[in-house]
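Below, chain A partners chain B and then partners chain C, in two separate complexes.
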Partner chain A sequence: MTSLHKRQVKAVLTWIATFILMIVMCVPGLWVVLSGFRPNREILAKPPVWIPEDLTLDNFAAIFGLSDAQVAIPVIDYFANSMIIAVTSTAIALLVGMSGGYAFARFRFGGKNALFLGLMLSRAVPGIALSLPVFIIWSHLGLIDAPMGLIIVYVALNVPFTIWLIDGFFRQIPKELSEAAQVDGCTRWQAFWKIEFPLARSGIASAGVFAFLTSWNEYALASQLTRSTDSKTLPVGLMDFTAQFTIDWAGMCAMAVIIIIPALILTFLVQKHLIAGLTFGGVKG
Partner chain B sequence: MRWRAEKHTPYLLLSPAILTILFVVAVPLVFSLYTSLTPYRLTKPDSINQFIGLRNYERLLDDTKFWWAFGRTILFLTIALNLEFLLGLGIALLINRITWGQRTLRTIMMFPMMFSPILVGFQFKFIFNDNIGILNNALQSLGLTDGAIPWLVERDLAMFSIIFAEVWMSTSVFAILLLAGLFAMPKDPLEAAKVDGCTPWQVFRHITLPFIMPFAYIAMTIRSLDVARAYDIVDVMTGGGPAGRTELLWTLIARVGYDNAKMGQANAMAYVSTILSILFTWYFFTKLVAARRYMGGAA
Partner chain C sequence: MGNITLNKVVKAYGKLEVVHGIDLDIAHNEFVVLVGPSGCGKSTTLRMIAGLEDISGGEIHIANELVNDLPPRKRNISMVFQNYALYPHMSVRENLGFGLKIAKQPQNVIDQRVNEAAEILGLSSLMERTPAELSGGQRQRVAMGRAIVRHPEAFLFDEPLSNLDAKLRVQMRTEIKKLHQKVKTTVVYVTHDQVEAMTLADRIVVMKDGYIEQVGTPMEVFNHPVNTFVASFIGSPPMNLLPALIVSGAIWFDENTSIPVPSRLAPHVTEGQEVIFGLRPDDLTPEGHGIHDSGEGTFLELKIDLAELLGTETVLYTQIAGSEVQGKMFVPRDVTPGEVLKFRIALEKTHLFDAKTKKSVRIS
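Moving on, here comes the complex of A and B:
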């Protein structure tokens, strides 16, 4: 009887702890999202308005320049820049990463471990520290305030981790499969595209999502290497709001929603592969 | 002939990766090392040709602002990473006990991980705002305080707020990877230990913990690759203020390099922070490789 009682108490405590945990994890983000749909006067109200009385899309209309209340921040341009830069750099990083990941997964060669470590350590250089020399070199090459300048940087930021993940996924595929295909007359290249690539596809997709999010979210380098609507990305654009004398909280929250949504959708789609990739590639190497 | 071709293939496959890293990371770092040996200022382009040896580094030794930022960064990372590990472990053990809705909980846990650091900073700037923030509003509505608590203005509170934001953002990395470790754990040794009369603490200490440590090292390695993203949070939340009380190494680098245009000096600081990050990553990566070898032997 007492043991049953004890077990019940334990279960209740577990649920209470989980509940508190979920509140701490979800409320900050949800509050920002909710505020994106509230008028500024309700956000600023004193005493606070706890239950939203007035949910609108006005903030989104304003930052996209669709309403009378104009916001002087070109969110559409920033969004387009972010998309172009993130998608292009992800595509290139995936190609580079697939080729590199395949090399690490399938070949033995001199300096393999050192090379892998070197690639990883290159990612450890703090963004702001890297931005100083890149800023000087890029300004000589005319790559400041150009999408291409950021794309190149993001490819380099994403390659190490993409290789790590993709290496892990290729290792999961038995070598014998492609060897059998080669015995049957395929070239190694054909065996790769017909056997190994389709099997690793979902893993490669999740590596792509990771790369996309890194580029989509990056701020330290983007804030120094961009200047105008030609190349500014959403995270840099978010700071435009604080540069103004009064902070337009509602507008900022609306913009935050625009940054969050693609990230949340993508994360949700690939979460299973992502966890598998991180742990398998990392542990069973 | 075929064997020879085979020998060059991996290098050929890796060459795009190597070239990219050389162009974007290695060459700039060499250039940055050179720049740190000059009094280069953005406003005086010629000053890049003037070689002054280690004077920038000597100046760092006497620079109290630099050492404060250095110490604060170490303190910040020590507190944040330990909290993230402990909380992550706690959360993983908690979720592991739950039998219903486990996957949903895990999905929710992934979301902070995917937030842009700049968004996390903004989010907590909004929440900790002394006037309109939900935290002060809640505390005042509940009657816990009368006045507005200046979360981002008072120096100790500002540091606390930043650490809170950092821990909120990154605890999930530990929680998710440690949870994956718990899922992968074979159940037999646990039951055998229970039959042999081990206490729950002994089981945890001698069976569970050693098994999930490699997963903790993966998390640490992933975290150490981008510890500097705390820069984004600090930049948006306090900008290093009030009066430099939340200035970390990274915000100081940006201030000296871009705001004051002293590129030579900033590059010297950047070099110190780069070496710090690399050593940190290297340490955890070797731990990971060692743990991996151990796991490989066991499996």
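Moving on, here comes the complex of A and C:
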């Protein structure tokens, strides 16, 4: 009886703790999303208006230049830049991550541990600390305000992480599977694509989502290395809402909603893989 | 023709040589078992035959073709791994048919061969399951099925039973034997379990530290071990090995204990030679409780330290000249520790090894 009672209490406590955590995490996001649909005067009202009284799409209309209330933001350009940069850098980071992760998991070679440690340590340097050197080199190479400049930076930022994650997944797959496939008639390459790749797919998908989100959301370096609609990404575009003396919070929040949506859709699409990937249990058999 | 020939085959990892130039001829359809303690190079040898490890020296021929530089897929062999290595994302049917599909066989051939293998191994009702949904014994069977569908020149097994519990292991051992009788093919089978080796093999290859110690039928290896290592490794409980001297035609253990040199071995020993006397527990039996009660024999009075009942026989722990030995009592009666029994040593069945070379006196 008492043990049942104890278990119930524990369940309720766990539930409450989860609930509080979720509130702490979700309320700011929710506030941003709501503010995207409210007029600036309601957002700035004192005392604050908690429950929106006046929901409107005016902020979005303004961003897309459909109303005369505000100067239009080149949001389509920013969106295109963000997409091109995030997708390309993620694809490259995944390709390098897969090759590197596979090599670390399967092959013996000299200096392997040192190399791996070096890769991980490179993550310990805050990206912003590299911004000045990168800026100088990029300006010599003509990569300032060019999507390629950001793509290279994001690939460098993401590769250690994708290698580390994907290495962990390949390590979990017994090497006998690939050997069995080779005995069964596969070339090494076929054995990889038919056996090892499908089994590591969850891990590769998770690595891809993380890499994409990192590139999609990155602000600090992008704000240094971009100038114009040629390469400005959505997060940098947010700053267009600040004028010398005013900040258009409503417009900024509406833009934030636009930034969040693709990330949300992507996460939703691969969530099955993400869960399998993060719990690291996909391959036992 | 699925014959396999190893000629001075060497394997080295960097500077570390782990297989030291071994020679072995495996005949078509022969069941050969590589047996030896863990780390002696059995798996490495098997993997070199499979093409999963490079060969550092020597030559391997499969079906009279030099395969040193052929990748595994060109060697026409199949292999069963210790952890089965079933493809987790495929059904049993897909696992079985994978090799044929890669070889671009037509679908009707694949279906026919897969069904045939499933029939032989009793897998027909499990075809749509994934490996995760199978028991250990069933996985083992799928692994064997995957090996037989391709009709290879040879099967290679690497400790296929060591992940099963004791009862299943005995059952699967019998099934492997039956399978070999049904599907006649060359088999190279690796195990560290000498019982498996004795029960399965046409010929046993005993390995130690990267060398082959002895090759022979189970009977040859059991009855005529060439050295003390093979003598103690094959047979359970292991052969008793006792240090002794040859003194005036007798095997002398100490002042109080000596027995005659078996007539079969007498020509091979010299006066004063230091030897190791080998005696299997089956050949040290209380009078009237042996299996070799006729023929050349000698008697010793020995005090029992411990008796271990096994049902049809009892293992008796005693001492000869201060060294612990085990004997056996067939058709047992109750024995109490401390009791002194008159033991018969079946001299014709005993062994003598040179104390220095550890080799049987018959060959050294």
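As a convention for this text, the second predicted complex is superposed on the first by the 235 of 285 C-alpha atoms of A that agree within 3 Å, B and C clash if a C-alpha of one lies under 4 Å from a C-alpha of the other, contacts with A are read in each partner's own complex, and residues count from 1 in each chain.
FYI, a contact is a pair of C-beta atoms (placed from the backbone, for glycine too) under 8 Å apart; a residue touches a chain by one contact, two chains touch by 3 or more.
The model shown is predicted, which means the values in this text are computed figures rather than measured ones.
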Q | Touched partner set for A:P198, first chain B, second chain C, both or neither | A | second
Q: Give the label of whichever partner, chain B or chain C, reaches more residues of chain A.
A: B
(Q) Quick check on the superposed pair: does A:Q182 touch chain B, chain C, both, or neither? Answer first, second, both or neither. (A) second
Q) Does the superposition put A:L66 against chain B (first), chain C (second), both, or neither? A) neither
(Q) After the superposition on A, what does A:A103 contact: first (chain B), second (chain C), both or neither? (A) first
Q. Of the partners chain B and chain C, which touch A:V9 in the superposed model: first, second, both, neither?
A. neither
Q. Does the superposition put A:L132 against chain B (first), chain C (second), both, or neither?
A. first
Q: Examine A:P174 and indicate which partner it touches, taking first as chain B and second as chain C; both and neither are also allowed.
A: second
**Q.** Touching both chain B and chain C, residues of chain A
**A.** 283-285
Q) Which of the residues in chain B come into contact with chain A in the complex? A) 6-7, 9-11, 13-14, 16-18, 20-21, 23-29, 31-32, 35, 91, 94-95, 97-98, 105-119, 122-124, 126-127, 132, 134, 137, 141, 168, 172, 176-177, 180-181, 184, 214-215, 218, 221-222, 224-229, 231-232, 235-236, 250, 253-254, 257-258, 263, 266-267, 270-271, 273-274, 277-278, 280-282, 285, 288-289, 291-292, 295-296, 299
Q | chain C-touching residues of chain A, taken from the complex the two chains share | A | 174, 176-177, 179-188, 190, 194-195, 198-199, 283-285
(Q) Looking at the complex, which residues from chain A come into contact with chain B? (A) 14-15, 17-18, 21-22, 24-26, 28-29, 31-32, 35, 43-44, 46-48, 50, 95-97, 99-100, 102-104, 107, 109, 112-113, 115, 117-130, 132-134, 136-137, 152-153, 155-157, 159-161, 163, 213, 216-217, 219-220, 223-224, 235, 238-239, 242, 249, 252-253, 256, 259-260, 263-264, 266-268, 271, 274-275, 278-279, 282-285
Q. Which residues of chain C touch chain A in the complex?
A. 50-52, 71-73, 77-79, 81-83, 85-89, 98-99, 102-103, 130-132, 146, 150
